[in-house]
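Scrolling down, you'll hit the structures one after another.
Consider the two complexes below, in which chain A is the common component and chain B and chain C are the respective partners.
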Partner chain A sequence: MDGTSMTTVSVASGKGGAGKTSIAAALAVAIAAIPGEKCIFADCDVDAANGAIALDAKERERFPYFAGPGFSIKANACTACGRCVQACRFDAIRKSADRQSYVIVPQLCERCGACLDTCPKGAVTMYEKQAGEFYVADTARGPTLVFAELEPGEDTSGKLVRVVRDRAEQLAGEASVIVVDSAPGIGCPVIASLSGANLVIIVVEASVSGIKDARRLVALVHSMKRKAIAIMNKTGLSADMDSKARIMLAEAGIPLAGELPFDPALRAAEESGNTWLSIGGEAGDQVKATIEAVKGVVLSMQRKKLNVVIPKETL
Partner chain B sequence: MKYALPTDDGKTVGKVFGRAKSFALYNDADSSYVIAANEGANAEHGAGTGAAAFLTEKGVGILIAPEVGPKAAAALSAAGIRVEITEAGKALGEAMADVIVPSK
Partner chain C sequence: MSKPQATVIAIASGKGGTGKTTVAAHLALAFARSRKTLLVDLDVEAPDVIGYFPAAKLLGEAEPVKVPIPSLLSERCTGCGLCAKSCRFGAIVVLGGVVSISGELCKGCGRCVSVCPASALGEIKATVGRTSFFMTEGLHILEGRMEVGDIRSTAVIEAAKRRAPVCDAAIQVRDCPPGVSCPATHSIEGADYVILVAEPTEFSLHDLNAAIRLTKSRCIPTGVVINKDGFGSVDIAGFCAEKSVPVIGRIAFLRSRAESGASAALWSNDASFMNEMDKIVATVLDGVSWTAPA
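Coming up: the complex of A and B.
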């Protein structure tokens, strides 16, 4: 499968805690509820994979994930010369219990391979190191979920994001929508989450750091020439911040799909195991209207697939 | 001039650059055309810059791709490789024809 036949929507924010996963989950649930639509939720925020909680998931299959080679030292070949210790920039090599050789502490090893290069005795060997597992899960709320878990000390990477997205694409049929929940920041895993996406949803937290981080994400999205729309979150706390967020988006030419007010009911919905779509009141109306707007854009892209003109009257 | 296009299936333009499974390489000087595996497709980090280095070694002058990441773009620019934007899913020959101007 080349991945070009389905529609991929990536939800990102720059700042962590801006509401990416909650918004991505609500969108995925709304799309999956449409008769005839299939939605896969690819949780690519692997350091804090919480799509399984948001969607009430039940594991269906699991697979091992190999990040890259691990390194170990053969005790009988090691003469404890200490050159690898000097070469290791991460202080990951320690004396063995009998003090006759050195051992590599896997949790500290960054797998750079400097020990392998410097060992004069060839005592350092490589092995396939399992860094974690990834899962396919059915959820109580509709979308199929793909997510991963890493061993302690392993970090997320573009490779892992690609593994999760590849699995999601294998599960997705021709006309399906894949919702990618991106990691925070603008680094390697985020770039891998945005690459090839038909639409990026930029979640802007209406705060100083939220706006600043969203601006960096906007620059990344522009450099990757991705189409984007924005959702503002936690509005109503400061009129000044709300207005600054709107101005930032307007200057960047990113259409605003909606503004979600700060409301403890949103958090309460999650604590009781529901998505944001379940709440009532003003915030509930805003969530529904915003998700409806985004859903409309996604479905029209799915129909046209290319060169979608996004209505800008929301600006 | 040598041209490169990312491809996953060997027939159409892939949607990603750094983690594309392979690159179609076309040289209009001798009309040679090969599909070369992208060994950096499974790199943990730095897939984009790795792919840029690979194309530089191959002497590519123009990359035809739907997008490149920011660091890959910087590396390609430093290597003097021009990037022409195309659409993912387009037939490789078609995407090349859009860019290659036949010499008189």
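Coming up: the complex of A and C.
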């Protein structure tokens, strides 16, 4: 990723439902609206992909996603000797209903293949199963969207995140910005969403849970040595939580780009098919000011990467 | 098995932030009035249950969750590269006969150790998280917590599931992670009933669809609780009817609830809310062919 001039901004939160997708969509729309800028929205919450709804997307192309081979046991070749059960450390092999053979529970299988090596009858076979699809879509609001749908129960979401990001990078030309909407949590798909990002936007829900989860995300971002800025969301519900969130960010040394209130008007904007940028009033002003601030940071990073010399008089 | 097994109720959602933890905490309190109840936090990447119970006391010590990862005995290694070929997780690379192991990518399957013809791989234990028991008025809590920077959430989830029976509770309420991939799948596996918490938004509807497909594929009885009812106008109930999944509870959206929810305050004094919880308890017990302990 380094050595190219595209700028990748990953939006993450730790806690689910903190507002990642809505904020990422507003940011991507704002960047795409700048003349000469190109923005790709990479929806990397592949378990719960809502970017297409947020941006009103029309699918342009779709591709199958293969997660890598899984394993199954041929019942007629299995003698129920139990060696595979001994070899499996994930407790993913069980007796079949008729108790004459063993079966692999795909939901528990980590696809390591240890069973394959131990079966003396060659009853364990590999199969390649489509684990999902990924898509390129045009959106009514400007950004090009890359998103994916993982088959429920499939286990390789981190790998699918990489596939989505690779496709986004192929589409992104020089001087474009990729906005990555990450999954909740701090695990494998999140690490895949943050790795190599030029900037991480940490969305902190101003609540006990939101702050705790954001603190774990901050620790992850620091360990991955990523630059980060924060946006607080759902403020105004508890003055105490608002101040605790600010203090947490200040202590972690994460600059705060803005605070967005808990306001049903934001929900109403989504329902009428618009991003949060469309609303008026005080909440609308806060959204615009916050997105403007983040946009400024992203564009200045992009200029630095492109070595654009900004004339002194404009500074 | 001499002891009767606990009835396991998993609270899941697809979309994050719909109110899983809120529902799990209060359902556990409702169950705990009549049965020994264990609330299990399986959202190991973002464990938030304990935030609702600030007075809870740690019982005993946190137990580390360990995964065996290979360690090289270089004097025996011939550099043949079979270990790297056997690893499905890209955790071993052999270049020019030199083996390098990335412990953080290893899932601990042990395949490399068993394929090594020179017995040049041993195993050491890497800590990937911990499980802890807590006790608060009338309720037991078991928390799984993954280490920051790790990716082996399912190892922590399975460790918590294995440790849960120690509590000997009649009811286990599991607070599950969002999504429909491996952490969510492992969390609902073994449950007798899954409650999916949805909110009336387009995002939630889309993710609920995936979650219903997941629970159906596992043949686990499922009911939906509509949280923040009235916050949006998306027809979750109509969608559930289409999918033949019952709506077993509704929690009205009130700004006052959003406010106290931000502070993780319990709503045990909110009579209409706890009534709704009791109704859900009755429906769930009905749905799992429950036999009351003598």
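Assorted remarks:
Convention: the second predicted complex is superposed on the first by the 254 of 315 C-alpha atoms of A that agree within 3 Å, B and C clash if a C-alpha of one lies under 4 Å from a C-alpha of the other, contacts with A are read in each partner's own complex, and residues count from 1 in each chain.
Methods note: a contact is a pair of C-beta atoms (placed from the backbone, for glycine too) under 8 Å apart; a residue touches a chain by one contact, two chains touch by 3 or more.
Fair warning: this is a prediction, and the values are worked out from it, not measured in the lab.
Looking at the shared chain after the overlay, A:226 reaches chain B, while chain C stays out of its contact range.
Once chain A of one complex is fitted onto chain A of the other, the partner contacts of A:126 are absent, as it touches neither chain B nor chain C.
Touched residues of chain A were counted for both chain B and chain C, and C has more of them.
Once the two complexes are laid over each other on the shared chain, residue contacts for A:191 go to chain B and to chain C alike.
By the touch criterion stated above, A:68 is placed in contact with chain B and with chain C alike.
When the two structures are aligned on the shared chain, A:21 is found in touch with chain C, with no touch to chain B. Looking at the shared chain after the overlay, A:157 reaches both chain B and chain C. By the document's definition of touching, neither partner reaches A:140: not chain B, not chain C. When the two complexes are overlaid on their common chain A, residue A:212 makes contact with chain C while staying clear of chain B.
Under the contact criterion defined above, the residues of chain A that touch both chain B in one complex and chain C in the other are 68, 157-158, 188, 191, 220, 223-224. Within the complex formed with chain A, the chain C residues making contact are 14-18, 21, 43, 45-46, 48, 51-52, 68, 86, 88-89, 107-111, 114-115, 146, 148-151, 153-154, 158, 177-186, 189, 201-203, 206-207, 210-211, 213-214, 217-218, 231-234, 258-259, 261-264. Taken together, the chain A residues at the contact with chain B in this complex read 2-5, 67-68, 157-160, 162, 188, 191-192, 195-196, 220, 223-226, 306. Taken in their complex, chain B has these residues touching chain A: 8-9, 12, 14-19, 42-48, 66-70, 73, 85, 87-89. The touching residues of chain A, when paired with chain C in their complex, are 14-18, 21, 46-50, 53-54, 68, 87, 89-91, 105, 107-108, 110-114, 117-118, 149-150, 152-158, 183-191, 205-210, 212-213, 216, 219-220, 223-224, 234, 237-238, 240-241, 262, 264, 267, 270-271.
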